[in-house]
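Following this line, the structures themselves.
Both complexes below contain subunit A, partnered by subunit B and then by subunit C.
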Partner chain A sequence: MARYILKRALILIITMWIVVTATFFLMQILPGTPYNNPKLTQSAIDQLNATYGLDKPVLVQYWDYLINLLHGDLGTSFQYQNQSVSTLIGQRLPISAQLGFQALVVGVLLGLWFGAVSARNQNKKLDGFLGVISTLGISTPSFILAIVLLFVFGYQLDWLPISGWGDSFSQTILPTLALAVTPMAITTRFVRSEMIEVLHSDYIQLARAKGIGEDQVIQKHAYRNSMIPILTLIGPLTAGLLTGSTLVENIFSIPGIGQQFVSSIPTKDYPVIMGTTIVYALMLMVMILITDILTAIVDPRVRLQ
Partner chain B sequence: MKKWQKWTAAIVVVAAVAGGTKAAGLWGGNPSTDKNTLNYALPADIQTLDISKSTDSYSNMILGNTESNLLRMNSKGEAAPDLAKSYKVSDDGKTYTVELRSGLKWSDGSKLTAKDVVYSWQRMVDPKTGSQYASLASGVLNADDIMAGKKAVSELGVSASGNTITFQLDHAMPQFKYLLSFPNFAPQKQTFVEKQGDKYGTTAAKQVYSGAYKFEDWNGTNGKFKMVKNDNYWDSKDVKTKTINWQVVKNADTALKLYKQGKIDRVSISNTPEMYSANKNKKDAKSAAVAAATYLEYNQDTNAFLKNKKIRQALNLATNRSELATQATGGTRDAAQSLVSKGLTETTSGKDLSDYVKPGYTYDKKKAQQLFKEGLAEVNQGKMKISLETDADSVISKNTVDYIKQAWESTFGSDIEVSEKIVPFKQRLKDSQSGDFDVVVTNWNGDYADGSTFYDLFASKDAGYNDGKFTNQTYFDAVKKADNTDATNASAREQDFKDAEKALMDDANINPLYSWKSTSLVRSNVKGAVENPVGLTLDLTYAHRK
Partner chain C sequence: MQTPILEVKNLEVSFATYAGTIQAIRGVDFQLFEGETLAIVGESGSGKSVTTKTLLGLNAANATVKKGSQILLGNTNLADYKEKDWDQIRGKKIAMVFQDPMTSLDPTMTIGKQIAEPMEKHLGKKAKEAREAALALMKDVGIPDAEEHIDDYPHQWSGGMRQRAVIAIALAAEPDILIADEPTTALDVTIQAQILNILKAQQKKRKMAVIFITHDLGVVADVADRVAVMYAGKIVEKGTVNEIFYNPKHPYTWGLLSSMPTTSTALGSLHAIPGTPPDLLYPPKGDAFANRNAYALKIDHEKQPPFFQVSPTHEAATWLLDKRAPKVVPPEEIQKRQAYWQEHFVKEG
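Here is the complex of A and B:
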């Protein structure tokens, strides 16, 4: 097991290096300068480039960046003058993480419940209804739902706040729901098909034949066995939440990292682009690693591969 | 079934708790009646509170309301004394002598002196600071050499003696007084700046304030903060508002809803034509001039067709500016009548500068067709194929190029083929600067309330913003005269500007499209806010609720 984890961690480091290198050189293709002021003349740009070290050859800049990165220094933003990238990310990431985590928990729990109910009522009306819900959930982008929720619950009914973060828990409800719908829908469909398969398996037949009550059969045998494959879903779901949060953060004016990432690209804010890409990539890979390790623990066959 | 009933019960409980937090009043009542507070929204994050390095208009809005400079634009558009008691300009226009008020203090209670003013100017031009607006100081004695690293900052022509500050300029600059009202040139306290080092201006606590309000609760990234009355401000007795609450609301629709709920006192409605037309007739809708203009630049350096004067004149005559303003911008902008934007400043006789200098742009389809034919014959290269470039910043930019393409193609028929080129902002900027375009839509935001902020754009063929690289000696001479011989004679300068506009129209070197304005819904019980076309666009120093 230890060897398996070590091997995976090593792959993670190499992948990170590739991500850093690819992003760094792709960024060079972006047009223009990282400076806000569109009125700068060429001589003013040259002076600023000298001040910020952007007049050095690209390879030197790359090497400097790698060295600084190894020292944990992500640099200083161009758009947010004087603001260090690690502070920017450090203050924004927890907000996005909380939002993403809430959405994941709500989405997965609802999905487990809906999926199980669907499976037990296979081909009945309730199953059909939940099928429609999950299809809608998968096909509706979270930002559309965000606007609908904002309009209905925030504006028309005025039940919940429509913007901001950090004043009260109620501010988190609408964005969480908007983001939770996709994981909810995916989990529902996944659990439903897994459950149906498990419910038709031999050991469930046996359990029923032994005379165990239906609730017991579901809880003790069916649920647990259909749970394992769901672990593998967590990785992709996290990726979806990371990218989906960007627009939702914008709509509800949440000072998260998604918005930062998007706005750094057209402004060519090199250090922020690099910093957020690294953090995103790292989060995603760690999530996948954790899922893989969990799967390996639950299912010993995985380790042999 | 029991199981899913249990679950349903759990969901109901969660919903009840959520509803309860709202009922418990965690989300407040209607704040639009509290006389001590005002509530505003910013459409973007604050980027920095570093006075020398701030570049975006929202950071500048916070700085302009919390930091005072020597002068401040008043409701009549004049640069009136703020931290300065008075100022004098020498007869040759090259020396400004400013007397500070006595007993000025920073928000931390320490003395604000003439040295703080000098330090701020020096920090601005110091290449080590890396300020993007340093070039605004160009014209102050030795500023250019200091920026280029050729002279020490101490040689800058700004000096302090007691309560007096003296500014020495290379040449007379009629616009110089406006710099004395800019947030970027507000005084900075050297010991404070140096103590904060790299972290200066990165949070509300890492800045010290000289304006009517102190800034609080901003940690560098959060979206909710406030301005609190600064009792150390020299005129604090006339500042009636105790607290101004701010929140960042990036989505324009969300902001509009907050305004309608009474949670903010002002919201912009000119972001999209749809939002504008749905709200422009409301009785609390208010428009203010913005010192910005949009015009087409013709590449007269490399494009054979556009080098031809008749073709350029034809293109200008085929542009129906009032229809463009109503159709492409949905009325969010006004049709252009000159290069200079409307409402920038007034002439000595009290007329709007744009009205005074307007050379008489017209729409004349017949004449356009005639000139175009003649021009094509002169060029003798067959059908005219050109690209029309803009950046994808807003829906209005796209509508604009759509409109112009259709207008030109319907006027000149099969003799012209216009292709649209819509690119990201930075790409457009790069193409403009390197001359890699045929026709490009350019937006220009003025820096100060003086005509030269527009006319200096094309001061020569190689001027930094003459992207089309045109040569128009009559225009160049008029601008030169305004900047030199007539620099201290306001009415003669106005005539120079008028001559420049006429020369520009006669040669059709550019094509003015529209003049900007900003329209907002403004709470009717808020009085005393000043909206400026340039610099600090919203000044809340004396704003209060009636």
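Here is the complex of A and C:
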């Protein structure tokens, strides 16, 4: 187990290096410059370039960036002057993480429930209804849903606050729901098909032949076996949430990293763009690592090596 | 004669499909007596599995047991059972050993727990007691070093060992009736013999009645007291094992017996029965075997034959047994085989 985790950590570091390198050089070909104030003179620009090290050769800049990164230094934001990127991200990450976590938990739990209900009622009305819900959920982008929720529950019905973060838990409800629908829909479908397959397996037939009752058959045999493949979903769902959250945070004016990421792109705030990308990649990789370890724990057939 | 512990009367089971209604079981009658082994033989699709699954209420969701069918276990008619009633029967009164040990065990639960489960449910054992009992049972079915392996998962075991575990699960709640649906088909020949011996030993020890489904007539000769021959959803002949092997009456039984491989090369090659069974979406009017039957009479195509009693224990549904039918003797192939069996199967009684 320890060796496995070590090996995976090594792979993680190499992947992160590739991500850093790729983003760094992509930044170089991003059109435009961080200076969009027409009043800036050329000498002022030269001076700014010198301060931020943008006048050095690209490879030197890259090297500096890597070295700083190893020290946990992600550079300084252009946009928010004198703010280090790590501080900026450090302030905003907990907000995004909370939102993402809430959405993942709500989405996956609802999906597990709906999927299992669907499978047990295969081809009945309830199954059909949940099928429609999940198809809608998969095909509607979360930002559209965010706008609809905001309009209906925030504006028309005036039940829930429509923006902000940190004042009350109720502020988190609409953005969480908007983000939770896609993972809910994907999990529902996945659980349904897994569960149907498991319910037709020989070992479920044998479990039924024991006379322990259908509820026990489902709880002790069907759930665990359909759960294992579902763990592999957590990685892709997280990736979806990361991208979904950028727009949803903007719509609900939530001061998370998604919102900051979006605003950093038109202003060419290279250090913020890079820092955020690295954090996203890291979060995704860690999620995948966690699910792989979880899979190995619940599935006795998986040997970690 | 003793009273049967299980009596099936006029069992009819159909399946609703998009193509129409499949009449899989079309009036099956048989009795099962205490401590005996009844073998059910017949080609693929003849309804052996459906018949026995019906005894446990384990048919697919699209199955219907026709009203008027009777499955009498003591004073109760299982054919009237609702889903929740079955749990009193499954495992406790009637248990089942399935065909494929590679897929029959839950891959995510330890073998010990899987064996203990029916004990906890039906015998009211606490987890610790059930574990002890499961361990004893594992030893009983010949699992070596059971103490070390009780917490293994199925994937760590070979097919033969897994089938022992499946047998242990079936025996766990001490059933009166054990159904074994082709329990050795998926195994190597050497392992097959071991599994058969375990089943025979357990049956003797526990005085269980066994329904044994197989394609292998060699296995039938080895394990069975009585035999029921099934074809296209009906039993066409039943009798003691000697009656079926040495005095078979139904041409379908003749066909099965001549398709039986023997170790003697002198008997020549296998004689598979030509033709295919009828489509059970549209079951034929007369004897379902008529169009494959070299001895078919005109009436076979028009009217289903009733059972003709050959001896108190032997009956066959073929018009050849009618007084008016011409005298027909079984094919030469069968007679040759009978001489061979006489030498090789030592059967008392």
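Just so we're on the same page, the second predicted complex is superposed on the first by the 297 of 305 C-alpha atoms of A that agree within 3 Å, B and C clash if a C-alpha of one lies under 4 Å from a C-alpha of the other, contacts with A are read in each partner's own complex, and residues count from 1 in each chain.
As a convention for this text, a contact is a pair of C-beta atoms (placed from the backbone, for glycine too) under 8 Å apart; a residue touches a chain by one contact, two chains touch by 3 or more.
Remember, it's a predicted structure, so these values are computed and weren't measured experimentally.
Chemist: Clash or fit: how do subunit B and subunit C relate after the overlay on subunit A?
Modeler: On the shared subunit A, the partners fit.
Chemist: What is the angle, as a multiple of 10 degrees, that the CA centres of subunit B and subunit C span when seen from the CA centre of subunit A?
Modeler: The vertex angle at subunit A equals 160 degrees.
Chemist: For A:Gly72, decide between first (touching subunit B), second (touching subunit C), both and neither.
Modeler: So A:Gly72 meets neither subunit B nor subunit C here.
Chemist: Subunit A residues in contact: does subunit B have more, or subunit C?
Modeler: Of subunit B and subunit C, B contacts more residues of subunit A.
Chemist: Would you check which partner chain A:Asn225 touches, where first means subunit B only, second means subunit C only, and both and neither mean what they say?
Modeler: Only subunit C; A:Asn225 stays clear of subunit B.
Chemist: Once chain A of both complexes is superposed, is A:Tyr52 in touch with subunit B (first), subunit C (second), both, or neither?
Modeler: The answer is first: A:Tyr52 touches subunit B but not subunit C.
Chemist: So in the superposed three-chain picture, is A:Gly213 touching just subunit B, just subunit C, both, or none of them (first/second/both/neither)?
Modeler: Second partner only, subunit C.
Chemist: Regarding the shared-chain residue A:Tyr203, is it in contact with subunit B (first), subunit C (second), both, or neither?
Modeler: Only subunit C; A:Tyr203 stays clear of subunit B.
Chemist: Using only CA atoms and the superposition described at the top, report the least gap between subunit B and subunit C in Å.
Modeler: 14
Chemist: Tell me, which parts of subunit B touch subunit A in their complex?
Modeler: Residues 2-4, 7, 18-19, 21-22, 26-27, 45, 47-48, 50, 53-56, 127-130, 132-135, 147-149, 198-202, 219-224, 247-251, 253-254, 257-258, 260-261, 424-427, 429-430, 433, 447, 464-465 of subunit B touch subunit A in their complex.
Chemist: Spell out the part of subunit C that touches subunit A in their complex, as residue ranges.
Modeler: The contact residues of subunit C facing subunit A are 56, 58, 83-84, 86-92, 95-96, 98, 100, 103-109, 117-118, 121-122, 153, 155, 166, 169-170, 172-173.
Chemist: Which stretch or stretches of subunit A touch subunit B in the complex?
Modeler: On the subunit A side, the touching residues are 30-33, 35-44, 47-48, 50-52, 76, 79-84, 87-88, 91-92, 113, 117, 147, 150-151, 154-155, 158-170, 173, 215, 218, 250-255, 259, 266-268.
Chemist: Per the contact definition, I'd like the list of subunit A residues that touch subunit C in the complex.
Modeler: Touching subunit C from subunit A are residues 201-203, 205-214, 216, 220-221, 224-225, 228, 298-301.
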